[in-house]
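Shared between the two complexes below is chain A, which has chain B as its partner in the first and chain C in the second.
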Partner chain A sequence: MNYALKEFNKQKASYMFIAPSFLIFTVFLIIPVFASLYWSFTEYNILQPPKFVGFQNYADILFHDPRFWKAMTNTVIFVVGTVPTSIAVSLLLAMAIDQNIKLKNWFKTFFFIPSITSIIAISVIWKWLYASGKYGLFNHFLSSIGIPPVNWLGIDLTLPSIIVMSVWGGLGYNMILFLAGLQGIPQVFYEAAEVDGASDWDKFRNVTLPLLRPTMLFVTIMSIISAFQVFEQVYIMTYNSEGAVGGTLDCALTIVAYLYETGFQRFAMGYASALAYLIFFVLFIVTIINMKIVEKKIEY
Partner chain B sequence: MRGHKTVKMIVYVLLPLIAIHITCLSGCAKKSGEKEILMWLVGSEKQAQKITELGLDFYGQTGVKVICEAISWGEAHSKYLTSVVGEVTPDIGTMGLTWGTEFGNLGAMVDLRKEFPSELEEISKNVFPGLAESIRYKDSVFAVPFDMSEYIMFYRTDLIKSPPKTWKELTSLLSELNSSGKSMIIDWGGLGWIGYCPYLWQNGGDFYNKAGTSATLDTPEAAAAMKFFTDMYKKYQVPLENKPVEQSFRVGDYPIFISGNWKMKSISDVAPDIKGKWAIATLPAGPTGKRTGFIGGRVMGIFSMSKHKKESWEFIKYLSRADIQVKLYEATLESHDTYLPTNMGTWDMMPMESSFKEPLREQAMDSKGPPSVLGWDDSTRFIDTAIQMIVLKGKDVKSALAEANRELNGRKKR
Partner chain C sequence: MEMREIRKFNGDEAARPASKSKQQQLLRTFVYVFLVIGSFIMIVPFVWMIVTSFKPLDEINTYPPSFFIRKPTLAAYIELFSIIPMGRYFMNSLIVTSAITLANIFFCSLAGYAFAKHRFFGRDKLFLLLVGSMMIPWQVNLIPSFVIIKKFGWLNSFAGLIIPAMSGAFGIFLMRQFIMNIPDDLIDAAKIDGCSEFTIYRRVILPLIQPALASLAIFTFMGQWNNFVWPLVVIYSSKMRTIPLALSVLNGQFGTNFAMVMAGAVIATLPVLIVFVAFQKYFIKGIALTGLKA
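On to the complex of A and B.
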């Protein structure tokens, strides 16, 4: 005890520096996290005190809630639709820009602009682009080359439309990360590969990709997590005058949108907390699998 | 030098503090014995200002101060909830039509019918009948109407000879429009329960029985109304997706649409070039001869935690007066709000072109609000799903409605 106190005294200044942010972290993150874990086992509508119901919420969600499974399916479609495409395209862009092309910085800025734009603003603008009939810009182009207008935000295409927009919006950020990763690969590896007679493809497969592994791991995990939590796009593209989110017949209802509706429109906080923990659980598993796959091989 | 700097610093820090302190001494301190009520307005800052202004007049009459603060629609519901939990509610709150019942049922609102029965009767008598019915929950009334929005039909006078007066005329007009690639837009509540309810009511049906004890969507009236409503999408090319209403109305692709009265303002703003070429009309009458439309709006009530219930009620009575509602209406002409007064007496006084005023008034006389049933906001999506399944997935009307009926009966807790 005495020893601990002594240690503390020695580091007093450091602890004092940490204290404010630790306090904020505790109040706004740690406490809520545990509070909502408790609420996930209760029935709670904010006004009346929570009532303990055991695993009832989890059982209801998993076995009696078709909307949860619809939202889960939509979310998985969104993740599968955005993450690989976004990674492939942004890696391609990063490599293209890394070739010391002319106007390199101009391109970097150009592709990064969507990332500094609020996703809400992007969604609002794209909603106009996607407008139906002859009113939207996309349909205007289509009709000018003789293709009949497409109902982009109709029941079948809403989710794909949101996927396309999200890939576009997320490109720049991943591209910059890959660019940094690429610039961290020493030139000597490429020179050695060239001496061995490697083609461009060989260099990409055997030098670039393995050495990009840490960046790849980071980008993949972060992309999956953020894609899993997609909300703003869905909200802007699908909310209606009564505040419902998810579109006609839940065609674009994602899991966080469902969580929002349950928690903040129906105020079923217990149920919403259970949903949140299920989302956390899924993300946890996905991340572990991810790390196992990517980190299997040795670090370079 | 150093000391001088420190003194300067201290002065810089202290000066604002002293300044705040002095202004507070003169401004913040309430005169003893003076009563002050706080009102939250779900809506615009401008309108809140106007109410605070009217509050000055009220202060002159009663000696009770009124402060009105605007809160936005998006956060309103959760803000009220948290204020109830945190016991920091305002005295008066304006809110969505169905919230009064919801909060009242949780004990957060004063039952006006119990506290001020005769005066409430006085207010209700002057309010449009559909609204007056909508605020009543069992034997209680937790809030009175503040303003209203109503369903109304818009049409282009240069493209449509006369507005359809019956369901038959509506469908024949739609066939005629269809033959030249045109149609109608159902804007407010399209593919949803709000769009459906006028037809349900016009056909003699309703969502629940009179006592509100069980759902009645399994009746033949409801089915026939649903068939008529969904056929407009399936047969008469009413668009399923959101169309920019003002724009398509302006170019004439959709020379007729059904929406809320607020579109009158947005059409004048967005499409000034068709001024004089459009008009509004009451909804086409159904088989029962009724033109019943949907009416929504804001209500105002008193929170149970208020320390000035009597004074708050006085102010609510004040805001319900016809001569005061006219002032509010005039103020909204300048701001970008759409405000329709709920007191029928106001309508004789307010400045509005009679070609607009008369259809609006006539429609409001034959309009109904959402059913006053607990958990209604939670139930509506089952009706939406039924409609969407019929239109988009070809489900048959009867079984879709039967399913919605089951869900409604499973939820309602009246």
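On to the complex of A and C.
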């Protein structure tokens, strides 16, 4: 009896310890996950109670909503535009810094500063760099080599401009992850390869890349997930006086920007919830595919 | 070409290290050039931000744009703090970020300790649920969280900004991994001495996990200082804005006054930069260990 009581008391302490976290977890994560799943099958504008409409929202999004497909296309362009470039360049940077070079920590810091800076601050800084006419720094640079000024934030170039800025901003973070991965590769493998007369390229292809695969998988999945959710950059770069997000003719409307507009500007919460679940679904599939690809490649 | 062929043929061993080291030197030079140009590209936008923020308006609109300031001025900063209540926004950000950081240190370590060292019914299932929840993109719970906050009457308040972020799956996970490495003997010894569970947490666990707490604190501080989306949907009055929100409004309303917007960007960047430089060691190590995005 005494023992059972003691056990219960001990368990009570454990539940007390996790209680604050689980309260927050339940109210702001578990309940919301189910709430938005339910709302995705309803018409809901906050003021009136949700009205059940079955698969109507999903059908509308997938078959009758050109803006959704525009946003999806832009988002995919953004992912394809940022992820491979960022991975390639940050891997190069990590390998360069991993050499025994001077000022190593300085270089690390320089490349990492954008990663700690607020993306809002970065976006306003780049908006100024991209400024149209001759005062923008980029246009000035172009004109100094004889190219006429470009409208960086016009219909055609807004999305590419945001892509360039985002690659720049994300390099340092991926670099740190690759650096950790590189430092985890035992030096013996390189020495063995050298004994076998391997060139630098051979070493990169046959030692570095295969042994870096777990890091590569992690970086790729995380990069795709976060690129797919791009929002802040778009919000700042395309914000106009009417408060619309996404730019002229939705030229840079991304899927999360569209969700924001639907949910918090038009208060179509049911429709926005369905969008959220579609995002969830896509990211889930992307993760599964990535893991399958890597599983297949690790055979030796 | 011919020379090389002959060398190869003769198996001239002496020539190889020489050419190898020359090649290595070339590679090294290339690496430095690559890194220096790269660093330059990283730094220039920030230098441009700082330079612009100290320029008088007429210099911003002179051609060609220059990194040299002829008459440096604090006008943009003075404007920033007089036209809009930037001081208040700074305090808002500081209050919200500090409160969230302290709460996370406390709640995550508490839960992390229970998950690492206690045995209780449902422990592993709950932990799995917690870890699994990290897969859920934030868009899924954004809308209901907003509605819940509205129901609680916490829209446009510190409570609405702070309470939902007071603990997190990632923090608990980090703490648990770290606390698992603490030997059970220490805890058992404290138990024999008659310490209560909370005393063990306070006197034994907390002092031992200080490096992990520091990492969690820095991540949380930076992530929250830069947080934008949640304040964007929760805050509607101008008084309650946090720094990133204020900066976005500044961009919308005074977008053409670049000196002022850049001064705002400097104010937004400075605190995280200071924290980063001061605690760089913990920060980069923490990322390498966990892959957390700030």
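Just so it is clear, the second predicted complex is superposed on the first by the 281 of 300 C-alpha atoms of A that agree within 3 Å, B and C clash if a C-alpha of one lies under 4 Å from a C-alpha of the other, contacts with A are read in each partner's own complex, and residues count from 1 in each chain.
To be clear about the criterion, a contact is a pair of C-beta atoms (placed from the backbone, for glycine too) under 8 Å apart; a residue touches a chain by one contact, two chains touch by 3 or more.
Because the structure is a prediction, the values reported are computed rather than measured.
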item: Partner chain in contact with A:289 - chain B first, chain C second, else both or neither; value: neither
item: Partner chain in contact with A:249 - chain B first, chain C second, else both or neither; value: first
item: Which superposed partner A:131 touches (first chain B, second chain C, both, neither); value: both
item: Contacts of A:120 with chain B and chain C, given as first, second, both or neither; value: second
item: Which of chain B and chain C A:46 touches, first, second, both or neither; value: both
item: First, second, both or neither for A:112, with chain B first and chain C second; value: second
item: Partner chain(s) touched by A:266 [first = chain B, second = chain C, both, neither]; value: first
item: Partner chain in contact with A:151 - chain B first, chain C second, else both or neither; value: first
item: Touching partner for A:235 - first (chain B), second (chain C), both, neither; value: second
item: Comparison of chain B and chain C by chain A residues contacted; value: C
item: Doubly contacted residues of chain A, that is, touched by chain B and again by chain C; value: 46, 131, 135, 241, 264
item: Residue ranges of chain C in contact with chain A within the complex; value: 27-28, 31-32, 34-35, 38-39, 41-43, 45-46, 48-49, 52, 60-61, 63-65, 107-108, 110-111, 113-115, 118-121, 123, 126, 130, 133, 135-148, 150, 163-164, 166-167, 169, 172, 196-198, 201, 222, 225-226, 228-229, 232-233, 243-244, 247-248, 250-252, 255, 258, 261-262, 264-265, 268-269, 272-273, 276-277, 280, 283-284, 287-289, 291, 293-294
item: Chain A to chain B touching residues, read off their complex; value: 46-48, 131-133, 135, 151, 153-155, 240-242, 244, 248-249, 264-267
item: Residues of chain B that touch chain A when the two form their complex; value: 77-78, 81-82, 84-85, 106, 108, 188-189, 191-192, 194, 239-244, 247-248, 253, 378, 380-381, 384-385, 388-389, 392-393
item: Chain C-touching residues of chain A, taken from the complex the two chains share; value: 10-11, 13-15, 17-18, 20-22, 24-25, 27-33, 35-36, 39, 46, 92-93, 96-97, 99, 101, 106-129, 131, 134-137, 140, 144, 168, 171-173, 176-177, 179-180, 200, 218, 222, 225-226, 229, 231-232, 235-236, 239, 241, 243, 256, 259-260, 263-264, 269, 272-273, 275-277, 279-280, 283-284, 287
